[in-house]
């Protein structure tokens, strides 16, 4: 039977073997402290988690809308599966690596797999898990956009699980567990410009490079535009993401506190500024206010403000978001036309490049009177180069880790299961080839 | 004028007569106890109600996406109207039958119609009503999926109101009012695998049988696939439903308490496992990971965990949800190919069959250390057959009630107003025939 | 460079000059009192704000779905930009005019621009800002629907910013700041039937008149229907709006209190009644239950209940919403066929006319035992004509202010930057002309 279902079999075996290796040592006994579960804390954290979950719908719509109709089912399945697979993997493995007791000087956690320390006495931990798991899935989802329209579905399942189970949780441990080496160094990433977005962005970059461009993207060395098939869907996705991002950023307080209003406001202003500045930038370059770029500008502003949302003023948020809007347009053009890397939805620029920008912005714009607390002043507010330097170190360290592990992962897949569909399948569309169905049955569609 | 507008006239008269009969005796004076309305309780319940309301959008998108473009407006109108009509009917009649003072040994309630006991002094009751009304509408909505693409719109209006006003509230009384006969027997359905989903599922089954299959569905005794026209919309619907389901399940605490985190986690894990296992099952059967089945798998996991979400461990949730994913695929194929009942969106399998599975799973996997409380141990955790037996009795009782009343209802409609549109209208599409408009004006669509 | 980019240049210069004039005097020092920021208050207000933000997605989908495919990107960009531009403008200017210290006997506010009084000590103000900014954006968004498919994008940017920065905040000051002249007169608009919806509606009316009808809308003096291209998207938008409206109405308590349940219930019932009655009305007129009208009926019910949601009984809410559903159908037909004003999505009828109806309904149906407090009894509950009269004065005053300022604004734009695209561009579609891209690349679309 395995020989019949080669692809399926390989996928399943690989995942099972992997899970087994990691699930084995789950019965460690280190204790995790309980957190306060007052009504306000609990409700805030959980509703924020729901909002962040809903971002999966946003990513699915953005990625589907910005690519071609013939690959719609495939992209939707990836988005469904990176949460589904990611949730199980993060439960079994990821949580323990991210929030388990710190090992090797803050390099990774190793305890509390499957939240064994929580159980019936501390269900607040379960709410925390839900909030965290959607972050893990977000990191994985980002990758699917950059690798859209040509990646083998079975390979996708494997690498998305590994990102949620290992690659992402390690970075999370460094920065958010409390004992991680970057936390101890003074690195500051409030809601995950680096932890979530640049992790996704770097993995996306490595994936897009190893995978190569879509057929027809570069003809005689010139980049050709492959327009998305459903901009209303993509726009809906951006609005959903923005909506969910309020949970993403303001929920990263992990409890109710007085900063949630401040964070929500900086989030809204940065996204607005990002959309406006991206529109103006592309308007100046292309003489028309392109819709896709403007939508990506809003996302760029959101990614940019994710790290500094709690520690900068509203005016600084406008500047950070606005610059993110400029950066994302230039980055998309640079990656597309100069580097000639094919990233169908601009995921590397939005999440990777703007994730880096947001993380560095913490070192520039933070003021200690806001959420980050005493001593956190950025370069522009008298804090000197120290904070900025630490932020830069964190950015580089995460980039190295993700590029390395994602590189190994994608190359391994390339030379075993195979990373890319056949040329025939790519031309015909992955919906028919991988899933045996169409996204828009009955509609007349060219290409 | 009535003779001119026969269809409209019949519908209106029928509804008005019906309402009058029931609204008459509303001035009963039994008292309903007030509930605590602290901030946390109130906010939790109300936001959960909002989330569940949003599930209407999810159902609308799933049902529209999984059927043909020519019937899109019709399906959307049904979803709009089953909430709109259902809300008025549940306010006037349903609430009193469901939560009124228990009559006839717990068979139905009869007091507090239009929430007369609540009023200005106890607005918490109003929040409860909102939460409950969206459950009533959900039960009605489920039916519309199974009867899609061939049901007369005027008949739909009538039966959806009757489900929300009578059929569903009676079951709700049995299980959730506190004095219902199934509650007293020890039956346990935390968030409604039986109360909401299997009620919808059984009515859907009866409706699909009495209505008969769509033209072209069974040719020479063989089932032909009629693919849905917009999978991205259907996928969006599934994500919206999943998002809303956090409110559905975790809001069923009806107040803030420490189990909301636990419930949210089991909900997420079961849905994930359902999607994965449905994908694997159909992959093994059809050699391709079908998108529609995987999406239905997520819903199956959600329906399955709805009853046991508060009383089982996270690992049990994965098993329950995963099995629901397997069950839903087998059930869809069985109903389609063996029973030859035409259920366009798989509503009977998702809500009916998995609703039964979830209800029985309570009797298998419950542990008293979780939300259900002392003495609630399922078969697999030392509780013996008793709990399982009670669950099975409840499943059967509800099936009998719904199949019987829905059967009478649909047959009455069939032989009076008429249940099905004409052949010409069905072939041309219900959008033109019933509503005089198209869903996608300007698009070239075949079929 | 400015001469090259004439259009862009003009837009930017205009906005910058405008902002500069207003941002100058921001360093006023009047104090704004701090509000209580308990967990329940804070969480309620902020989550309501998130829900209202999500309404932007709803407006975008409704407006896109109800118009033609060739203008989809343009409409989406408008919706993206009216929030983005509106948020920055409302932060810099609007908030200070609306909630600043009252000047000139309650005509406008003038202090606390950029929320300088809030800062790190009072982040609750920031949460209030987020809630208010989405209202400002809503007022601007409404206009885009009535002026769809023919307005120059650069002009749109300018007028939408001015509505959010000046026209809307002045009305908000009159009614919601506490010292406004209409508040002192006893005018009552709980959640904004007048402040938000009729402001948008009147501006939409003036815009549609000055702009003139779309090419092909009136042929030889007869109105021709131009059907929307994507009813599923429009229906999704209505569900999203309804969902968000719970935040809009119940969040207008601005803090947690016991009326949030009451408000949510009246909101749900009025919307349901609106959808039903609009469906019945159009069914009687056109012999078919039109989908677009029914969807607009739900919105009409929501607009109608927005002012009275806290001060009327559930039964009154059904009546108010139901009449709104009748009114909206008659109004759409009257404006389209008799006045011959081209309002592609019915924005004037839904928001303007029903906004007026809702505001007047406060004077008819209010009961002092509900949220509005002592002495607030409408005409039907023994309150006499006084309250109704004050409501009517408020309606007229706001109509005069908005029609006048919007008129000046649109005429100024018409004779400077230009308000309308060229005939060629309109026929070809604004997506290509204004944005250089298509909404549905690859799909075969006629017209």
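Worth pointing out:
Letters are used for the chains, namely A, B and C, taken in the order the chains are written, and counting of residues starts over at 1 for each.
Please note the rule applied: a residue touches a chain if its C-beta (ideal position, glycine included) is under 8 Å from a C-beta of that chain, and two chains touch if they have at least 3 such contacts.
Predicted model only: the values in this text are computed from it and were never measured.
Two copies of one chain, chain B and chain C, touch each other, and the residues they use overlap weakly: the shared fraction of interface numbers falls below half. When the CA atoms of chain A are superposed on chain B, the rotation angle comes to 120 degrees (nearest 5).
Chain B and chain C, compared by their mean Cα positions, are separated by 34 Å. Chain C has residues 38-40, 43, 47, 230, 236, 443-444 in contact with two or more other chains. Partner chain B is touched in their complex by these residues of chain A: 5, 8, 12, 37-40, 42-43, 46-47, 49-50, 53-54, 56-57, 60-61, 64-65, 72-73, 76-77, 79-81, 83-85, 87-88, 91, 114-115, 119-120, 123-130, 133, 153, 230, 233, 236, 431, 434-444. Within the complex formed with chain C, the chain A residues making contact are 38-41, 43-44, 47, 51, 68-69, 227-232, 235-236, 238-240, 242-243, 246-247, 250, 256, 258-262, 264-265, 268-269, 271-273, 275-276, 279-280, 283-284, 286-292, 294-295, 298, 314-315, 318, 369-370, 443-447.
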